[in-house]
Structures are given as structure tokens and as C-alpha cells.
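For clarity, chains are labelled A, B, C, D, E, F, G and H in written order, and residue numbers in each chain start from 1.
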Amino acid sequence: MKQWNIYLSGEIHTDWRQQIEQGCKALPVVFTSPVTVHELSDAAGDHLGHAEDPFWRDHQSSKVNAIRTQTLIQNCDLAIVRFGDKYKQWNAAFDAGQCAALGKPYVTLHDDSIIHPLKEVDAMAFAWAKTTSDIIKIIEYVVKQ
Amino acid sequence: MKQWNIYLSGEIHTDWRQQIEQGCKALPVVFTSPVTVHELSDAAGDHLGHAEDPFWRDHQSSKVNAIRTQTLIQNCDLAIVRFGDKYKQWNAAFDAGQCAALGKPYVTLHDDSIIHPLKEVDAMAFAWAKTTSDIIKIIEYVVKQ
Amino acid sequence: MKQWNIYLSGEIHTDWRQQIEQGCKALPVVFTSPVTVHELSDAAGDHLGHAEDPFWRDHQSSKVNAIRTQTLIQNCDLAIVRFGDKYKQWNAAFDAGQCAALGKPYVTLHDDSIIHPLKEVDAMAFAWAKTTSDIIKIIEYVVKQ
Amino acid sequence: MKQWNIYLSGEIHTDWRQQIEQGCKALPVVFTSPVTVHELSDAAGDHLGHAEDPFWRDHQSSKVNAIRTQTLIQNCDLAIVRFGDKYKQWNAAFDAGQCAALGKPYVTLHDDSIIHPLKEVDAMAFAWAKTTSDIIKIIEYVVKQ
Amino acid sequence: MKQWNIYLSGEIHTDWRQQIEQGCKALPVVFTSPVTVHELSDAAGDHLGHAEDPFWRDHQSSKVNAIRTQTLIQNCDLAIVRFGDKYKQWNAAFDAGQCAALGKPYVTLHDDSIIHPLKEVDAMAFAWAKTTSDIIKIIEYVVKQ
Amino acid sequence: MKQWNIYLSGEIHTDWRQQIEQGCKALPVVFTSPVTVHELSDAAGDHLGHAEDPFWRDHQSSKVNAIRTQTLIQNCDLAIVRFGDKYKQWNAAFDAGQCAALGKPYVTLHDDSIIHPLKEVDAMAFAWAKTTSDIIKIIEYVVKQ
Amino acid sequence: MKQWNIYLSGEIHTDWRQQIEQGCKALPVVFTSPVTVHELSDAAGDHLGHAEDPFWRDHQSSKVNAIRTQTLIQNCDLAIVRFGDKYKQWNAAFDAGQCAALGKPYVTLHDDSIIHPLKEVDAMAFAWAKTTSDIIKIIEYVVKQ
Amino acid sequence: MKQWNIYLSGEIHTDWRQQIEQGCKALPVVFTSPVTVHELSDAAGDHLGHAEDPFWRDHQSSKVNAIRTQTLIQNCDLAIVRFGDKYKQWNAAFDAGQCAALGKPYVTLHDDSIIHPLKEVDAMAFAWAKTTSDIIKIIEYVVKQ
């Protein structure tokens, strides 16, 4: 039986990942994610040397994070990309762009208040869902034998 | 002599594209862009049928736009991705993600006020510039014989 | 011992899949398929929102189905593509086209009454079989140690 | 200025190709097509040897045709795939499947009477148009500077 | 511990495969091969229909064999390609060409009497060996921890 | 108008290339070939250093030849692969294998006396022709507007 | 749980590999390496035939080593590339170049005395570390659930 | 007539590029190179912001250089990689590694005093030359009609 590898990209300030993981417990799926602890992620490269300039500090850490995220995206069968109502969330759109170019199906998860600014991202998505419960239904349907 | 094909992605509300094109007039470069007239872009698919639901209207138009943008991104040697100070601009981050996955070099163009939210996008960029004049210098340097 | 992954594409109104699976029980093969319950497949995206227009309803469901079918086709070693005597079955030809472009071997399964309209699809196939028993013989031969 | 290469796939019994070519005369586009003379296409391999069996005669000719069609599809920026109201037209769906797997944008052209059987093909299309005039508008929009 | 997947291509009239498999018994390797029983291989497609013309009979069988060989070549880490002193053995050179284009390392196994006609095949090989004992030494060396 | 790039692989001791080039004079095709002067080809690397051992002398020259042949094969739209009645001609089968793996259509050109040993090579070919006049007809048909 | 495959490239005269392996004992990682015994590596092809000329002897052995190293690099999720203070170490830079072209993340490990000559290699790296303890911290961070 | 695109990688302190360009004046070749003025290359990113830390200054400039070098390497048909007798020259080995992974033929140009440390780089090269005059002969031979 195929085990589906699903990457959960985007928002880290709510428990949407836990809800989906909980709802898919009985299914042959493995979930992966970026590191979702904000401070850890921002400091991922700090031990490699102190970078005075905030740009280079962020650069150093982001590239360490990219080792993880690029590998996990390349390994996944499906990505769920979550856009919440706070922050810029360009990393989520960036992940979606990678999926599109790699031919990886992805589903977006966001409110209808941001349909218009997400139209390019949604255009290449395989579905748009508004709730984690919808995502769980999609996964159930897609992976069933 | 190689003619460089440069895709200008992102912000459509300022004249940054014109500045770069003007500054590179004497160079062996061709610039391409998405359709940058906002209303045209939003209505790109309207003639194909009236979609009641705003999601499907956006969807229909965005996919017509994607015929153009995906082809031009796949054809480019280099992309310049501009993030302004307004709007969500997820399309710009989405284009950058596609470039990253396709192995296309891209340079970001943005103020230092948004270094932190753009850190994942900048991590895979080949340079970050703050002004169009910096972009012109990069292009001049890169394409010279 | 290599386990062969075989995708069974096409007709969903007869038991050809069951016959092949039954006949290959003793072999190191795993079979995958699209969702073959017609009503489930047509309604795959309905929970994501009511689409008034039949085109968008079909669109929404078909893309959810495509998450499954595109992934399974990309994962397979071999596809069997069945054309029955009813309906348009453009999805089967579409799957065959994907296999051809991805360099995945596929075998067609159809009567000799439709040789001529299937000539382009058969041209890129690795074999044409008329019965499930022929398909079973091909699989037996191909996967044996 | 980029010259767009557009492949016109499918129906050969009406003048839809001529209409599109006529309507795009002033645009930087080149159109390519399969050989559209039915008898020539069926006989494309006959000079290579007489094949008694109709299957092998079709096979021989279809592979000669495939030299042309596969090359032109791989060379195109965009494909227009036309489904008329006669015949099986599996070759059109097969071409669409190849485009999907190669990451080539394609637009379908068909009546709304066949939306449902074409749902898988339309799911991966970048647009669906009902008339050649709609296709011309899409091309005009996509290729404009 | 990585298990190496090694494809044994070419000559089927001597026991070179058995010698190598015997010599590598203790190593983390899996060997795959084409069907090596000549009559079975020649008849692989016969059950699909009687082809009067010898060309089409061979064609039908060879494509069934290609399902197996192309998949196994694409799955291998390393190929050993054996050229004996009888027959044309174009299939062995054909397999080597596929390996070269796919970036799969291959080692040739042949006497020094045929160095000159094999020079293009050897040029892209990662080694040339004269005996199965040399091949075993290469495999031992390559796969050891 | 597309200019077709056709690689002529194989036999160098008869004038089959000249016949095809002559017959296609009026067509939008460009032909490329390996270096076809036997002594030049064998000595292609001699100026790089004297290699005592015949294997290394051949190796050195064959790799210089491979710079040309691999590039031209990767650049072609179609290859014609000629097997004559003399010599081993493993290089021709090797080129065909490369085409198969790269998804390049190729046509074989050989007598019916060698159908059986060429069955694997012919299985992946898009056509088999017995005369240069047949090849010219195929090219004419394939490249016509 | 994903098992990460990490290739350790470069310097063979110090125990940096052992330090990293020791420090990552509790993590879901597998390490691979080239053959690190200098004399074995230099003699890897000697049994295939005596090559008088030192160039061809090296050539023969290096290609046998390349069977191992190219396969392991293509299989890895991440490479660590170590530059020590002795020898030319072009092989390490060569491995890094392969990783860059294959889209494999790699981290360099070297003193700050060689920052300048390694700038092109570091430009495409995902991190630069000065100590094995830094490398262990990166791996811990990247692979954690 | 095919125009060959040849990338000249490596040493910038002698006139080897000029010698080759001079010697190939009459041939259908175009040469490309990295920026070969040392100070310009080191300062390529300086206008983008002052980086206190020498690592980040080099990083910034090297990535600007990589826009040029990666694009030109991906565009070339053949690379000549020159190793002189001074400096570390890891960038040359890095370029060779990229060529190897991209399937681009490359030829090395170096003295026999450095055969041993370059053995891995030479193993994947299509030729090794000791003088620019040898390189010119290779190019003449390879590109001739």
C-alpha cells in the first residue's frame, strides 16, 4: 500500500497542522513540515558565526532552513499550503511556486477574504480549501485504495 | 553575441520596469513581463464565459495569465523579482519559487524594511538589490562580453 | 525482488481490473487505479464549495482526482490502459499521453473494432492486448525473475 | 520580440485552424499542426512495406506521423486542442496528455455539450474556449508585448 | 546500508551472469537481467496475435521485452554490458547507449579482440573488464562500506 | 518555418548520406553526422599524446569523437540510423540507444536480412526503411508544412 | 520517519568523518563516502590491466571510483564537502559542482583562511561551517521531526 | 551550419583564452567566459551594500558572478577547463563538476605535473590537452562539417 508523503507548508501560528495530522491518523500518510518554532527557525544558522548585518543573519539561517524545506518538498507527493490572516507569508507562496515548477500537486488552505491576491497561486493549485476538515476529506479521498 | 532574456516579475504600480529598460538600452538584453495593466490582467479570461463566483472568475483569468508568465519564466536567463510596499504580492514570491525550482537565477528588488519576511525568497536569490540603479549595474556586469 | 507498480487506467464499468488483479495474485506486483466509483469521482470536490456552473463543478472534482491519478501515474512502472465500447473515454487517452511523455511503458487493452481510432495511442504503446488474459500473460512474463 | 510557437491539435474535418491562423495574422506567432489530410496521414508509412494486418498498417503509419507530432509538441509554447462532434478523437486527448506531462500549457476548444467527458482533459488545461474567436483573443492577449 | 541494483545486459549463451552472481553472493547487491531464455524472448508477444510478417512478429515480442528491460535499466545503479564472440549483439550496444544518455554508469565485459569495434561504447563506459572475476572485483570495491 | 535537424548515424563505407542529402535538397532540413573519414576518426585524439596500448589510443580518440556525436545527437530532431552488411556497427546501435533514452525519434535503415538481430533497436524506432528513397519520402512527409 | 542520506565528500587525511558520524549516532541519518583509503583508491582499476602511462593508470582507477561517487552523490539528500589545509582537493570542488548542478544542497566545511579561493564553491552552498561540531548542529536541526 | 558555443573556464592570469580564440577565428564557434578581470570579479556585488565580514563580501560578489557563469555553462556545447600552476583554482574544478552533472562535454587543459590531483576531474572529461594548440586542433576537428 502506497504511503503518501504530504508536506505542510505555511502559517506557523495556529494549530492547523495538528488538526490535519489528527484527522488523518488512520490513513497511510506521512506528514512533513518546515521547522515551525519561530525562534529556532530564525536562529538556525546563528551558531555558524555572528552576522552583524540583519540581512546576512537572516540569509545564513534561511539557507539552513532551505536544506530541510527543499529536500522535503522534493520528496513529497502532495503539499498543503496554508495562508493565514497575518504576516506576509511570502515563504508559503514561494513553496507553492516550487511545487508548480516541480510538477508536485498542491492544495491551498485559506479564507475567501484573500481569494484575489492569491489568484496566481490558486491558478496552479489542484484545489482550494477553506477549512482543515476539507483538507482531511481531500486526503482521505485521494489516498484511499 | 548572446542576447540575455530577462523576466521582470512583481509590482505593477510603479515604473521600476521602465527605469530598468531605459538603463539597459544599450545592452544585448530583451525584457519580458507579465501583462502589467491591472484591469486587463483581472479580466483576461472574462470573454470565455461569465463566472458568477469571484473565485472562478479569478481562476479563469489567472490561468490565461499563466500561459504567458509560465512560458516567459521558462524562457528567461534571469528574473528580477520586485516587492513593493503595497499589497500581498504573493505572485512575485510564487514566480521566485518557480525560478528556484527551475534553476533560473533571480535577483530580488526591495527595501530593507522587508528583509525579514522575504528571507526565504532571498535565500535562494543570486542577489538582493535596493534600487533599480543597482539592478542595472548587475545586468551591465553580467552581460558584458 | 523488485515489486512492480502497475497503474490500471480507463474503463470503470466492467470488472477488467478485478480479472487482472485475480490473475496476478501470485506475482510481485502492486496495482493502483483512479477512484472507480463513478458518483464518488464526479463529486470529489463538492465539499469544497458549491459550483453553480457544471463546468466549474466538474473542474473542481477533476482536479481533486488529478492529485491521485497524476501521482500514481508518475509512480508506476507500467500502465494498462483500457478502452471499452461505451463513452468517450478521453481520460484513458489522456493518461496514455502522459505515460508516453514521461517515458512510462503502457499497454492498451481494447477490441479490434477500435484499432483505427486508437492508432496514435497504440503507436506509442509497448503492446496491444485484446483480453485480460493476454494482459496477465504479459505481466507474468515481464516481472518474472 | 518573442515569436510564439503554437501547436494546433485535433479535429481535421472543419476549418478551425484556418480561422485561427487568419485571426492571428498580425501577431508574432507560428502555427504548427499534424498532417491534416486524412488519407495522407493514414498512408504515411505505406511505402515502407505492405502490412497485411490492418493493425500493423495503422501502426506503421502512426509512428511516421508521431515523428512529426511529437517533435512539434515538444517544440511548442502553447497547444490548442480541438474536440469536434464527430469521431473518437483519442489522438487529441493523447496530445493533451503529452502537453500536461511536459508542462506545456494547452487550451481546449469544444462545445459545452462535451464538458463532462472532457473533465479530466480540461482539469489540466489553462483555459477552455468555445469558439475560435475566443482562442484568437487568448492568443492576442498572451503574446502581446 | 545501500543495496546496489546492477543490471546484467547482453550475451545470453554463456554463464557469465551466474559467475558474477555467485561471486557477489555476500554483497549488498541485487541483480536484474532481461529474459535470458532465447525462445521465450523471441515469442514474448506471440499470444497477442499471429503476425505473418517476421518483422512484425519480432516487433511485437521486442516491445514486450522492452517493458522489462527499459524499466530495469532505469531502475539500476550500474549496468554490466557483456559482448561475447557470437552474433551481432546490437541489443547490448543499444542498452549501453541508453545508460550513457541516462547518466547510468556501465562497465563493459569483452575480450581484447573486439576493442576497436567497441571503442565508442567503451568511450562512455566507466570501466572495461576482460573477465567475470574482474567484474566481481569492481563490484566488491564499489559497494563496500 | 521550422528547420529540421536530422542526424545521420552509422555506416560510413557507402554513399547513403549523400543520397539522402541530395534527395532532400529542397526541404527545410539540416543534416549532421559523425566524422565519416575512417582514418581521421581513428586518429582524432592522437595529437594529445601517444598511447602505447591500443585500448587507450582508441579510448582517447573515441572520446574526442564523442564531443561531436553526443552534442549533435542531443541537438537533433530526428536521427536516421544505418546498419550496413559489414562490420560490427555497435556505434550505430549505441547511438540508437541514446536516442531512445533521450526521447528523440529515430528511423532505422537496413536490409531485411538483419531484422532479427536488430529487433530491440527496431522496437523503439519510429520506422524501419529499406532504402534511402524510403527515408527521403519519410523526411518529405514529416517536414512538410 | 524520513532517513536522511548524507554524503561526506573531500579530505581523507583527518578523522572529520568519524567525528560527524559519532555526533549524529542518535539521528535518522545514513552517511556515505568515497573510498577513503588512499592507496586502495589509487589502485581501484589496477586489476583491469597494467597501464604504463601514469595518466591512463589514474584514469582507469578514477573511473572505477566514479561509479561509486557519482551514484552516492545522486542518491544523497545533502552533501558535506570538506576542504583541509593540504593538497589540491580538486575532487572536493568537483563534487560540489555536481551537487550544485543536480540541485542537491551541500554545506562546506573549511577554515576561514581559505574563504577567498572557495568563494565560488561557497556561493552555491547552503551553509559554511568551520567545525565538525557546527556540522553536527546543522544536521540535528535539519533532520529533526 | 551549427555554431558551437564553447565556454572557457578557469585560469585568468595567462593569455590562454586569447590564443584559443585567435586559433579558432575561422571556425563557426562562439566563446564565452567568466569575467576575467580579477578586481572586477571580486567587487561584482560591492555596489549592493557594504559587507563588513570578508565572507559575506565574497559571497555577495560570487553570486553575482554565478548569474553569469551558471547561465553560460548551461548554454554551452563544450567547456574547456584550464588549470594553471598557481592558486587553488577550485572554481575551475567546480565548473567541471557542473558540466559533468549536466552532461556537457568538457576538455581539461593542464600540465602533466598535476595529473594525479586532477584525476577525478579528468575521469569525466572527454579529453585532456597540454597546450592551447591541442585544444584548437580538438575544436577544429569537432566542429568541422
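Here is the rule we go by: a contact is a pair of C-beta atoms (placed from the backbone, for glycine too) under 8 Å apart; a residue touches a chain by one contact, two chains touch by 3 or more.
Predicted model, so just to flag it, every value in this text is computed and none were measured.
Enquirer: Please pick, from E-F, A-C or C-E, the pair whose interface repeats that of G-H, with more than half of the contact pairs identical by residue number.
Expert: Of the listed options, the interface copy of G-H is E-F.
Enquirer: Between chain E and chain F, two touching copies, which fits better, same or different residues at the interface, with half of the numbers shared as the threshold?
Expert: Answer same: the two copies use largely identical residue numbers here.
Enquirer: When the C-alpha atoms of chain A and chain G are each averaged to a single point, how far apart are the two points in Å?
Expert: Chain centres of chain A and chain G, defined by C-alpha means, are spaced 31 Å apart.
Enquirer: How many angstrom lie between the centres of chain F and chain G, each centre taken as the mean Cα position?
Expert: Those two chain centres are 39 Å apart.
Enquirer: Centre to centre, by mean C-alpha position, how many angstrom separate chain C and chain D?
Expert: 23
Enquirer: From the mean C-alpha coordinate of chain B to that of chain F, what's the distance rounded to whole Å?
Expert: Distance between chain centres, rounded to whole Å: 43 Å.
Enquirer: Two or more other chains in contact with one residue: find those residues in chain H.
Expert: 49, 55, 63, 66, 103, 128
Enquirer: Which residues of chain C touch chain E in their complex?
Expert: 2, 4, 77-78, 103, 105, 107, 126-130, 134, 137-138, 141-144
Enquirer: Applying the document's contact rule, which stretches of chain C touch chain D when the two form their complex?
Expert: Those in contact with chain D are residues 54-55, 58-59, 61-63, 65-66, 69, 83, 87-102, 112, 114-124, 128.
Enquirer: Could you list, by residue number, the parts of chain E that touch chain D in their complex?
Expert: Per the touch definition, chain E meets chain D at residues 49, 51-53, 55-56.
Enquirer: Under the definition above, what is the set of chain D residues touching chain F in their complex?
Expert: Residues of chain D touching chain F: 30, 32, 35, 40, 44-45, 47-49, 60, 63-64, 66-68, 70-72, 74-75.
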